[in-house]
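The structure's right below; bear with me while I get my questions together.
The letters A, B, C and D name the chains in turn, as written, and every chain counts its residues from 1.
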Amino acid sequence: MLTKEQIAKRIAQEVENGQYINLGIGIPTLVANYIPAHLEVVLQSENGLLGVGPFPKETEVDPDLINAGKQTITMLPDSAIFDSAQSFAMIRGGHVHLTILGAMEVSEKGDIANWKIPGKMVKGMGGAMDLVASAKNIIVAMQHCSKDGQSKLLPTCSLPLTGIRCVKKIVTDLAVLEIAPNGGFILKERAPQVSVAEIKSKTAGKLIVLGEVPEMQFN
Amino acid sequence: MIDKTVKSAEDAVADIQDGVTLMMGGFGLSGIPENCIAALLKKQIRNLTIVSNNAGVDDFGIGLFLKQGMVKKMISSYVGENEEFERQLLQGELEVELIPQGTLAERIRAGGAGIPAFFTPAGVGTEVAEGKEIREFNGKLYLLEHALHADFALVKAWKGDTAGNLIFKGTARNFNPMMAAAGKITIAEVEELVPVGSLDPNLIHTPGIYIQRIFQGDRYEKRIEQRTVSV
Amino acid sequence: MLTKEQIAKRIAQEVENGQYINLGIGIPTLVANYIPAHLEVVLQSENGLLGVGPFPKETEVDPDLINAGKQTITMLPDSAIFDSAQSFAMIRGGHVHLTILGAMEVSEKGDIANWKIPGKMVKGMGGAMDLVASAKNIIVAMQHCSKDGQSKLLPTCSLPLTGIRCVKKIVTDLAVLEIAPNGGFILKERAPQVSVAEIKSKTAGKLIVLGEVPEMQFN
Amino acid sequence: MIDKTVKSAEDAVADIQDGVTLMMGGFGLSGIPENCIAALLKKQIRNLTIVSNNAGVDDFGIGLFLKQGMVKKMISSYVGENEEFERQLLQGELEVELIPQGTLAERIRAGGAGIPAFFTPAGVGTEVAEGKEIREFNGKLYLLEHALHADFALVKAWKGDTAGNLIFKGTARNFNPMMAAAGKITIAEVEELVPVGSLDPNLIHTPGIYIQRIFQGDRYEKRIEQRTVSV
């Protein structure tokens, strides 16, 4: 089973040179730490910044410079600031190449639920619905099962949806999976020491296993 | 030159009454109109409808309005930092309309720009789509969303001149420029009020045409929600 | 009969303190010269400038600073530059208080035609359709009759329309007229030495005369 | 940092072929991509669809494309400064779609912003409305207008960095920022190409995300259409 850091590390392997990337809160934020140094990419924060730099030193903290998670951040030499309408024009217009975000549930059709638990959590969707409706490539980072052991990879989502037929790839603590064009989770890679049988038993939606499934590789 | 200066936050908000719709700039606590908030708190008005991306925290920003029971309805995208908010909502004391952040931004922009409605893909297939017109363009589904307007927009900028031209700083810009254009009356508070001619016309973020009143705020606290530092 | 300059001078009397104003090409541009000095107003140029200043001195000419008529201009201390989308957001959103423009024809309903003569002139409408569809107050500056003596104030326009039911007031070389809510040109003022009878004879649309019609006053 | 620099105008336009749709920034002759125009003239491509507010003058700007018979269709708001244009149009050699300037600007913005369609009041009751959906909002009529896209957008800025961040100067800004966002491939030519870090992130007009190629142009003529001076 992968740690959160390992999930982030595996997702970082999906990043391509020259990409503009939006990272959600939680595990996705950690991905920034593992992007190979030879790749030139730009991180977008939907509150109005391209070129998100590292967290500031104590002396550099600026309340006028935060990310979408409200954390203090820094800028980079190629940074640009803009307003919220411009930020989502960028996202909606398909200019952001890759969106990495967390999820509570993903369905075998690529539907995603990550914003609301009826009667329990009413925080709001923030920018998630815009992101999943518009990004060209959406990768979900999440635990394969909930804390009480229920699979989060389902035939259909039980929670209110964030978006439909939008997720392309899922990286969990157990596996890397892709959504098949006609539905189903194609098992692409196993976490080290995790068997196909275990992944199968923990995937409530349709799991598609095509030949030998390799173990994830970490350099 | 037209001079839009008012003396104080109190003067600026003097005619804001019970039951109005207010837009308030800011993302989290960054770029919020602190001085206008303080002046409105003193007025103790009620039944406000507030359009703001977030709802502040329990003891700062719009959270202070919630605590005093001034708010009837919040129109926001994310309100997750506020326990009083959640309590009022679950008790039925507060109406809430949650809107995808990009749709919120674009509906406000549309309000200022005279666009009554537009199509956007955010929310298709979700509860956000309920009751809305859905249409296909080039094989993809979109929802029809309508412009948002407000009786007053309260915005915060870094620098502003007496004609109302504004420059924002960093990510404190966020929703402020669109809201400035969408308010029937827009009040700008700035950290530094400068004479006309001090700002480069080429580098102005919000032209003065959108601003009806401007004043220099004082004692900006600029509270940080998630002070995250690297070691 | 008024000269073009006098038409501009009479229209300048309509300007109110604090207004943002868009001036069309031709006579409307001249209005700027007659706005009383005690009024603070801002001129908008739809190619992206608020605060249009006077024409530059020879040494100040800047090709990157033109008005919507492509004339070189200057800025003022309160000027702001923006792009074309922002410029028409301003216009469409009703932020410009007053639009003054020329016309080939105006109908008694307030329709305006000023952009096209079929088979003859195909220059395009530029920003005129956006302006007339959105401005709160539209004043037309024009000659009462065409060069061949035909009235330009008509029951209905014969030329392709620029906008419908939008003109509020017309200042011609003969008269000041307002569009009545139910249609018709209400004669508000006569040019010096011009009779109501003459105006009536030169107005093809319905002319409404209510009591004594005063002469225009110029200070 | 991502480096989007190309060596020359010729390199930048190398893959622009017959029959593509080009957006070209500029209002009149102000803010037009002079170097890209010159490079395309050398390529002698044909059947172009050009989205540009104006069509240049007979011997400068897009007028030069018209003279060489490179253009199949113009999508513009005002083309009144060009005799060759009028001749080709009246002879049926050229297709023209005339669009109200604000609608043109907003359709281009919509193209870059992922808004497939929106409502606008411009053109209601005129021939512009023919064949378009009309809808009433709050007692006023509006037309449904659709987004515009282009295979390539050619824009001109004052300064730009190697990451594609742009700053425009004066009214040469005009249509350039919206077009930058609406091109599948956007080529920016700038008067001064600077290293990243040279431009204030707070004052950038067009963020680099919209730009695929950038180069420093040379010998900008910046011809003036109406040199009007005060005495």
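Basically, a contact is a pair of C-beta atoms (placed from the backbone, for glycine too) under 8 Å apart; a residue touches a chain by one contact, two chains touch by 3 or more.
Treat the numbers as computed from the prediction; the structure is a model and nothing was measured.
Student: Any chance you could check whether A-D or C-D wins on number of contacting C-beta pairs?
Tutor: C-D
Student: What's the chain with its C-alpha centre farthest out from chain B?
Tutor: C
Student: So what's the Cα centroid distance for chain A and chain D, whole Å?
Tutor: From the centre of chain A to the centre of chain D is 36 Å.
Student: Using Cα averages as centroids, what's the distance between chain C and chain D in whole Å?
Tutor: Chain centroid spacing, chain C to chain D, equals 29 Å.
Student: Between chain B and chain D, what is the separation of their C-alpha centroids in Å?
Tutor: 33
Student: Determine the centre-to-centre distance between chain A and chain C, using the mean Cα coordinates as centres, and give it in whole Å.
Tutor: The mean C-alpha positions of chain A and chain C differ by 55 Å.
Student: Multi-chain contacts only, two chains or more: what residues does chain D have there?
Tutor: 106, 109, 113-115, 120-121, 168-170, 202, in rising order.
Student: Out of chain A, which residues touch more than one other chain, so two or more?
Tutor: 49, 81-82, 88-89, 91-92, 134
Student: Based on the touch definition given at the start, go ahead and assign the chain network to line, ring, star, complete or other.
Tutor: other
Student: Give the pairs of chains that touch; include all such pairs.
Tutor: A-B, A-D, B-C, B-D, C-D
Student: What does chain D use to touch chain A in their complex?
Tutor: Against chain A, the touching part of chain D is residues 1-3, 109, 111-115, 161, 163, 165, 181, 195-197, 201-202, 204, 207-210.
Student: Using the touch definition up top, name the residues of chain B that touch chain A in the complex.
Tutor: 27-31, 53, 76-81, 86, 89-90, 96, 98, 100-106, 108-109, 120-128, 158, 168-178, 205, 222-230
Student: Name, in rising order, each residue of chain B that touches chain D in their complex.
Tutor: 106, 110, 113-121, 135, 137-138, 140, 142, 146, 167-170, 202-203
Student: Would you tell me which residues of chain A are touching chain B in their complex?
Tutor: Touching chain B: residues 45-49, 54-58, 61-73, 81-85, 87-89, 91-92, 111, 122-130, 133-134, 160-165 of chain A.
Student: Where on chain A does chain D make contact in their complex?
Tutor: Touching chain D: residues 18, 20, 40-42, 44, 49-51, 75-82, 86, 88-96, 134 of chain A.
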